[in-house]
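Order as written gives the chain letters A, B, C and D; numbering starts at 1 within each chain.
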């Protein structure tokens, strides 16, 4: 399960970088690094899906919630790392960002995509889901998606990171990260990230985590060098 | 045409009574200590109502049969005794019926609502929300933590809005998605609505009670049979209403204790 | 302001021009027809909504082709979403209860025939009368708007319980603007009904013709009079309830919304309100509303029966008193909708007894109707068939009231299909049968043409048997604990009974289809039906003493004088076995009572 | 006021004759004038009902913790006097027209009607002042349940006053033009309605004073 998420998150990154390659600056600098935490993170509790048998029967091991997903060596997953300042806005890529509902979980848990990029929401479960993103700046909507209905296609026109929930299954919570430019990544297994193809310049790199908040660092790229920066979040037991 | 209507009426009356008489739609098995009173009441009412239904339809049919389409000018008759008979009949029949049912019904109702829970009843808090039930046990310390609506964070499974960081009582509170109870022990369910109106309905328990936002009610019951039963919401609460359910898991005393331990360890 | 009184309306020449004649007409007859037309539109809309619900319930994944073009959000790819199912349910209930069951038997027929039956030229306040119809129409438009706005129709059910109905968009799709439209529409409807009832009461009190004592009024006039008294009280309470709801939704007040509600992850900025307040106000209206729907039909059925029995009822006086006591008791029982709402268990019993007591006058009525059949010369017409069908339905729906009136049984049956079966039979089908009876009976008078009896009888047979096939099984499903307002039955225990639901769906489709026979009969007979004599049924009441259709001022400017009550059947009159109310001849061999 | 029960109602009550009696009963068709008069009484009843509903809502809401006292603006008492005075002036006008024959004296009466009209407008202005005073204290409709009820009740009452004012304008207009066709019932019913508005206001004021 986790594996698969990692892969998907990776795919999202690839999609992003692919777009970046297609961008105006073919070669350029790269910012890469790792996100870790210190302290003891809260114990993730198992999810009780008994109210939705069609999903519950898909799992042998108890599912835990994904607000804090850690990897070996205190690495932190599901962290959105992006250029919050310094990079120009990019046009939306033609590829759609896919957000799927499978086994009453959101895959990926954190989905990053660009302003005005198509967002495709798929329900591959045998039960009705309800998608209710809770943005502050963008327009709010709330739609149900019975099994067998076509994917929901949406767009967001303002950069913003906000939670998305399923009104039918309270444990289903995810996040949408709507990005201004194409330079972003979501940490997967190992908590690593790479922001390639950055033209020379001074950038503010921001890392955002759904329960630990965000932090930023200034980075200057000259030529095609690779800068390594790390983020360390403070974990809280509760 | 009149005769046809008469026949159809009789057929309808009998056809309607048939599934009842043959118990084609039985009530689910009663697993509560108070349920039999309700079932008894339901049964008595079924007899009285059923009989008056069939009687009225057949009488209607009979009169239509005998008086529809008589040739013009046939002598008119009045029902012997006229209106007085009818009024007296109505008052006597229905009056006694009402008194009987009313008095009996009061007993059944009282068995649920007028008897306070025993002091040794197990206290469990039930929270209804769009669109699920969650149940909270005080945990080893026997104390419920306070509720802080601003702390509610479902993504983090904090459905009740507990504040473990500052509130020690809440740290060991057990929160479960199913209602696990020991058999033959009285349970006092303290009902809390998180968002809108909901209702707690377990067919086998013969219990139905609304969750009213801002008004924490409580019901108490004793389950007499081990097994898993469905809890459903019966108060229209929004788009997921049909899907709002949980399970009542009645265990032996021992299993229940183990379950508590195992939950506390998580 | 009451200058808009009869003389001004009718002293001078008849109205000129299309608008004045047919649209903004002051003529109670035109207004009555307008109400009837509105009810007709509403009832077919409501019926189609129920079809969609039935189909979705048994085939949850069915793709309904047209629907996805009508509402892409409600039915993506033609598959109805859970919230759209609730929208359909809400709109079905609202349309049927307010715009059909309140309009058709009461406003429509009442407007057309109450003034004529008491020998008046028009309503007391024709301008108010016109206003109340167009206000009702506005209410309907506002409600229907909910179908076209992006937000979609509300999903809170026709009872719109707070706080679900009061918190706005966080409560789900349709709860932002759809719900507001609902509240506004119902508020407007209340105003319209208040104006209408006021008019009915004043008319009955003041415009009765010479000799038209209260006890000489036809039973349907009585029913309309009593109903308007009930409506005056009921809607005067629902209106404030709606105003408070709208304020809670748009002005940030907290009448219905308590503190600390977290809806869609948002802590609601309200405190101190009481959800039960809405329930009390709503049901204080809601239960009398049931009798607003059924009483006029009782009246119409009695009126039609007397005529087709060719003899008086055992006692019309008892019928009148029974209807009065039903109306009176209906205000003491609203709590039986709230047995499980956490009100004091003592008061549950207090509400249970008057509820059971209502069955006494109801039984009296039934027995009077039954007993009057005895020894009669029952004429079988489409009208009388539906009148008899009404009695059968009224009994069927009535007896199930015994169960629900008892709080202890209500614990188990509350919010199950048993309730759905109960109120559909007694409030829905029964009063619609009254409307059908009235239609077949009065159509000749209203249009000057006869309806096709053959089609009428076909319509009756399918509708009568169909209604039982639809609503009887609901009671059984209730017994096994099948919960209402669910868009699909995923629970294991339900699986063996899905067949029953399929059966009901088929019955609903067929019975619904039969209503198009009725519609066709209406339209066809309106233009092609054979011309109707003034008094095709040999009836006694005043509406049959004037041409069909009646002239614009009903009695041609004369004031009729009434010599008899309308029950002079089975006597030796000059025209036959009846004597009309306005015929001066002496009655020989009066029967009955 | 007690004498204003419309004849038709009493006639109606007396009219429960024997059901099967034949021949015309003694009930003549009611005079047209009384149509509107029973209409106005039914209307008054309906309005009373809905304010009763609001009152019960208030009593329910009152039980809750966030119920705090609301200091009523002093101008309300002035408004009360104004409204009651207007009731008196209208009654005076009504009596005047009841006594003098139609045609003459209507000019005097019309003066009184216009005074009533002005007083009524004065009342409305006063109510607006009261609302502004509260708002200057930062008390708005949604501030607390008391203020909600205060604004709601006073506003709805003001609406009813406005309706009355429109009728008064109409009435004054016809009086000034000294219509001979002017019907007594119009004046009487306007008076009934206007007095009712006054009584309703006194009730609401006391309600707000005691409960808010």
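The criterion applied here is as follows: a residue touches a chain if its C-beta (ideal position, glycine included) is under 8 Å from a C-beta of that chain, and two chains touch if they have at least 3 such contacts.
It should be emphasised that the depicted structure is a prediction, and the values quoted were computed from it without experimental measurement.
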Quiz item: Moving only between chains that touch, what is the shortest number of steps from subunit B to subunit D?
Solution: 2
Quiz item: If you average all the Cα positions, which chain's own average lands nearest?
Solution: C
Exercise. Go ahead and name the chain pair joined by the largest number of contacting C-beta pairs.
Key: B-C
Quiz item: Which chain's mean C-alpha position is the greatest distance from subunit C's?
Solution: A
Exercise. Find the geometric centre of each of subunit A and subunit B from their Cα atoms only, then give the gap between the two centres in Å, rounded to an integer.
Key: 45
Quiz item: At what distance in angstrom does the C-alpha mean of subunit D lie from that of subunit C?
Solution: 33
Quiz item: subunit A to subunit D: how many Å between their CA centres?
Solution: 65
Quiz prompt | Centroid spacing, where centroids are CA-atom means, of subunit B and subunit C in whole angstrom | solution = 29
Quiz item: Touching two or more other chains, which residues of subunit C qualify?
Solution: 81-83, 172-173, 259, 264-265, 273-274, 276, 490, 592-593
Self-check item: Residues of subunit A engaged with two or more neighbouring chains
Solution: 127-128, 130, 144, 163, 165, 167-168
Exercise. Check the chains against each other and report every pair that touches.
Key: A-B, A-C, B-C, C-D
Self-check item: subunit C-touching residues of subunit D, taken from the complex the two chains share
Solution: 6, 8-9, 12, 15-25, 27-30, 32, 34-36, 38-40, 42-43, 45-47, 49-50, 53-54, 56-57, 60-61, 63-67, 141-142, 145, 148, 152, 156, 166-167, 170, 183, 185-186, 189-190
Quiz item: In the complex of these two chains, what residues of subunit B are touching subunit C?
Solution: 1-2, 5, 8-9, 12, 15-16, 19-20, 24-28, 37-38, 41-42, 45-46, 48-50, 52-53, 56-57, 59-60, 63-64, 67-70, 72-74, 76-79, 82-83, 85-87, 89-91, 93-95, 97-98, 101-102, 105-109, 112-114, 129-130, 147, 149-150, 152, 154, 161, 194-197, 199, 201, 203, 206-210, 212-215, 217, 230, 232, 234-243, 245
Quiz prompt | subunit C - residues contacting subunit B, complex | solution = 81-83, 86, 155-157, 159, 161-164, 167, 171-173, 175, 257-265, 267, 273-276, 310-311, 314-315, 318, 340-342, 345, 348-349, 352-353, 356-357, 359-360, 363-364, 366-368, 370-380, 385, 388, 391-392, 395-396, 399-400, 402-403, 406-409, 411-416, 457, 464-465, 468, 472, 476-477, 479-481, 483-488, 490-491, 493, 497, 570, 577, 591-593
Self-check item: Touching residues on subunit B, where the partner in the complex is subunit A
Solution: 129-133, 154-157, 159, 164-165, 176-178, 238-240, 243-247, 266
Practice problem: Quick one: which bits of subunit A touch subunit C in the complex? Just the residue numbers, please. | Solution: 127-128, 130, 132, 134, 140, 142-150, 152, 163, 165, 167-168
